[in-house]
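Got some structures for you, see below.
Here chain A shows up in two complexes: once beside chain B, once beside chain C.
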Partner chain A sequence: MEAFPEWTTKAHALGTSIMAVQFDGGVVLGADSRTSTGSYVANRVTDKIAEVSSHVYCCRSGSAADTQAITGVVKYELEMLELELGAKAEVTQAAHMFRKLCFDYREQMSAGIIVAGWDKRNGGQVYCIPLGGMLVKQPFSIGGSGSTYIYGYCDSAFKEGMTRDACEQFVVNALSLAMSRDGSSGGVIRLVTIDKDGVARRTLTGKEIPTFYEG
Partner chain B sequence: MSSLGTGYDLSASQFSPDGRVFQVEYAIKAVENSSTAIGLRCKDGVVFGVEKLVQSKLHQSSANRRIFHIDRHIGMVVSGLLPDARKVLDFARGEAQAYRRKFDDGIPLKLLAERVALTMHGYTLYSHVRPFGCSVILSAYSEHTGPEMYMVDPSGVSWGYHGCAMGKAKQQAKTELEKVKLSSITCEQLVKEVAKIIYVVHDEVKDRDFLLELSWVCAASSGRHELVPQKVY
Partner chain C sequence: MEMNGSAVVAMVGKDCVAIAADRRFGVQAQTVSCDFQKIFPMGDRVFVGLTGLATDIITVSQRLKFRSNIYKLKEHRELSPKTLTAVISNLLYERRFGPYFCEPIVAGVDSTTGKPYISGCDLIGCPVEPADFVVAGTSTDQLFGMCEAVWKPDLAPEELFETISQAILSAVDRDALAGWGAIVHIIEKDGVTTRTLKGRMD
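Right, the complex of A and B next:
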């Protein structure tokens, strides 16, 4: 019998389902809301979609502390860059800043990040930075422990040229499936949609989350 | 030479009673002693032209450049003390590469111009260094931003320009370049205008021989800064 339950000593992890999809004119980011400490759900309404600049957001997975620290640094650096440039930062600049930190500190970090946003030069873009610090641009990207259960679903449901609403529905369906199979993912679905006019946030709770075959 | 600055012109860390930093003004004079260089920005690119005075018949004509590349998409033309310009060039290239290393993309010209200006200004604050005795004009073109041009002078001031000139015939060159209709001209036509201006301002009496160095960065060169190709001549 242990002296203390494991959840009193284990670090907070974002066992997670996150994803982002690009559409013509913007991006949709989605995430679940569970933060676990061992088997205890430390926070069931977490916001894993963080603002990095006015038109660039990121989805965080892995160690909660690591991803919060990295996001904080990039947010600061990006703001300085925007002041120097006198213009809004580009998504690729944010993505490369994340990549530099995740790669340089790869031994100490446990962070899987999806960076997505909109800028005037290249429109909506999604960049995935998994463990180790690789950077890859993708039309859509999934991450976190829950993503392993939905690769098949996403590959079959994704179509090029989907509209904004179709993308949002794609994200909601995929995350719902991941959350129902992955013990480390759950809670509510948070959605952030970014286009040239700005950012729209939504949260789907309880009955709003679609259900599929529940066995 | 006037002795206006006597006593207050020994170092850049001194102001004169009427609020001037004489070392910086002397540095600007050094630029005015060098041969003329101009930059002109039209709707689809930027053209540089330099009057390179031939100091000696023994010089290899192609070796003594006044126009340099910084990364693929940025050009720099210099006037004044050329060794000082070399330091500014190395700094600018270092900044451009550091940006590329971090962001895998070419540095925006506005950012580079500000950083070059910040560095050049830094040398005007202390007594143990002297200001750079050179002015530089930076240019870039991209489809996304269009043509851009900035000039940085020894005081560390950086301004964006449609047309600018530096060197001994700068006043005369400025008068000439104001006549060019920049909003309606293309780069190919602008090259001829720039060459004409250099020939016009060149002083046949005082300085005999000169070579014309021309460069452009424009839509026609796909945003790469290059010396104007032979076929355009």
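Right, the complex of A and C next:
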């Protein structure tokens, strides 16, 4: 054993599996729940899906501190914007605010964020903002260290025009596979589904998480 | 030592010992398989659990088995757990300045006296022979905490199984590099019971 355990010196990292999928009428966001400091699991029931406005949420990966700070700033800016414009925040507005922070502070930050939500103008949308601060709109997006293990699965299982339930099942299966292979992902699966009627949160624990080949 | 990830624990009970290990084989964050053997029998009632670098786990277990076989042929009897500890210590210290990245745990019941015995070494062979429990691997801090909390002296074999299972499953849930199932051996004078635990596969 070392003089100082690793967890006293390492920052909290969200080695993670996150994803968001767009369906006709809304989006589904999903994330695992593990926060690690080195190899120690600091929090095994983390909530990585944060609210930025009533119909826009984001999935956080990378440095826990960085993503919490960025999310706090964007949440504040969106609230001010809603007051000033007298209208609900739109997903593009949130995505661009995230991008501005992630790009301008790209040297100091370690944040991979997926922004997803629903608005009246464009319906359900998913925007991905990886490490350098680029912004790209996608029908579905995966992120975090665990996502590397599920690119093949997601590419083969995703279909355009899935129903809400089919999207949720796709997210659950993909995250389960990622959590099984990635040491930095695990815990419970958190799901957030957003449509015009609002936000529905679900958590899948233990036996509710599907199992696949475990060789 | 944080390349592959592992967790091994051994506990003493009433006329029995238990040794448990996780089953993960990974390369840093990526899990490669969930059926990697980390506990090896070195006789009917003596087991060695190895943690650390996976390739050294394999090599040390093979070299140790060799020494154990030669002893059995020469002495016409099996290695007792205490002697096995000395053999491992010697094996590891021979590589003092280029060591195997491997920390072993010995658990067994002496076939002549029937006394339960556990011990552990560091990677260069310094042995320790406590009366209660030994832990090794990437989750030692978590395992120490669990063992201190749940272990009590003179546990019967069935109670010891429950105790060691809870200790290892809860400990590896807080370690990103260990887990993905577990295996437990309960060693008594009359026999060995082996059970696999169904744990979180994340």
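We take it that the second predicted complex is superposed on the first by the 213 of 215 C-alpha atoms of A that agree within 3 Å, B and C clash if a C-alpha of one lies under 4 Å from a C-alpha of the other, contacts with A are read in each partner's own complex, and residues count from 1 in each chain.
As a convention for this text, a contact is a pair of C-beta atoms (placed from the backbone, for glycine too) under 8 Å apart; a residue touches a chain by one contact, two chains touch by 3 or more.
All of these numbers come straight from a predicted model, not from anything done at the bench.
Asks: Under the superposition described at the top, does placing chain B and chain C together on chain A give a clash or a fit?
Replies: With chain A aligned, chain B clears chain C, so fit.
Asks: Which of the two partners, first being chain B and second being chain C, lies in contact with A:Gly132: first, second, both, or neither?
Replies: neither
Asks: Looking at A:Gly72, would you say it contacts chain B, chain C, both, or neither? Reply first, second, both or neither.
Replies: neither
Asks: Based on the superposed arrangement, let me know which partner A:Arg121 touches: chain B (first), chain C (second), both, or neither?
Replies: So A:Arg121 only meets chain B here.
Asks: Which touches a greater number of chain A residues, chain B or chain C?
Replies: Between chain B and chain C, C touches the greater number of residues in chain A.
Asks: Could you tell me if A:Gly198 is touching chain B, chain C, both of them or neither one (first, second, both, neither)?
Replies: Neither chain B nor chain C is touched by A:Gly198.
Asks: Looking at A:Thr211, would you say it contacts chain B, chain C, both, or neither? Reply first, second, both or neither.
Replies: In the superposed model, A:Thr211 contacts chain C only, not chain B.
Asks: Classify the contacts of A:Gly86 with the two partner chains as first (chain B alone), second (chain C alone), both, or neither.
Replies: After superposing on A, A:Gly86 lies in contact with chain B but is clear of chain C.
Asks: Could you look at A:His96 and tell me whether it touches chain B, chain C, both or neither (first, second, both, neither)?
Replies: Touch status of A:His96: first partner only.
Asks: Check the superposed model and tell me the shortest C-alpha distance between chain B and chain C, rounded to whole Å.
Replies: 37 Å.
Asks: Find the residues of chain A that appear in the contact set with chain B and again in the contact set with chain C.
Replies: none
Asks: In the complex formed with chain B, which residues of chain A make contact?
Replies: These residues of chain A touch chain B: 84-86, 92-93, 96-97, 100, 120-121.
Asks: Provide the residue numbers of chain B that touch chain A in the complex, in ascending order.
Replies: Checking each residue of chain B against chain A gives 102-105, 108, 110-111, 114, 144.
Asks: Spell out the part of chain C that touches chain A in their complex, as residue ranges.
Replies: Against chain A, the touching part of chain C is residues 2, 5, 26, 28-31, 33-35, 138, 140-142, 173-177, 180-181, 200-202.
Asks: Any idea which chain A residues touch chain C in the complex?
Replies: Against chain C, chain A makes touches at 1, 5, 15, 32, 34, 36, 38-41, 44, 145, 149, 179-187, 206, 211, 214-215.
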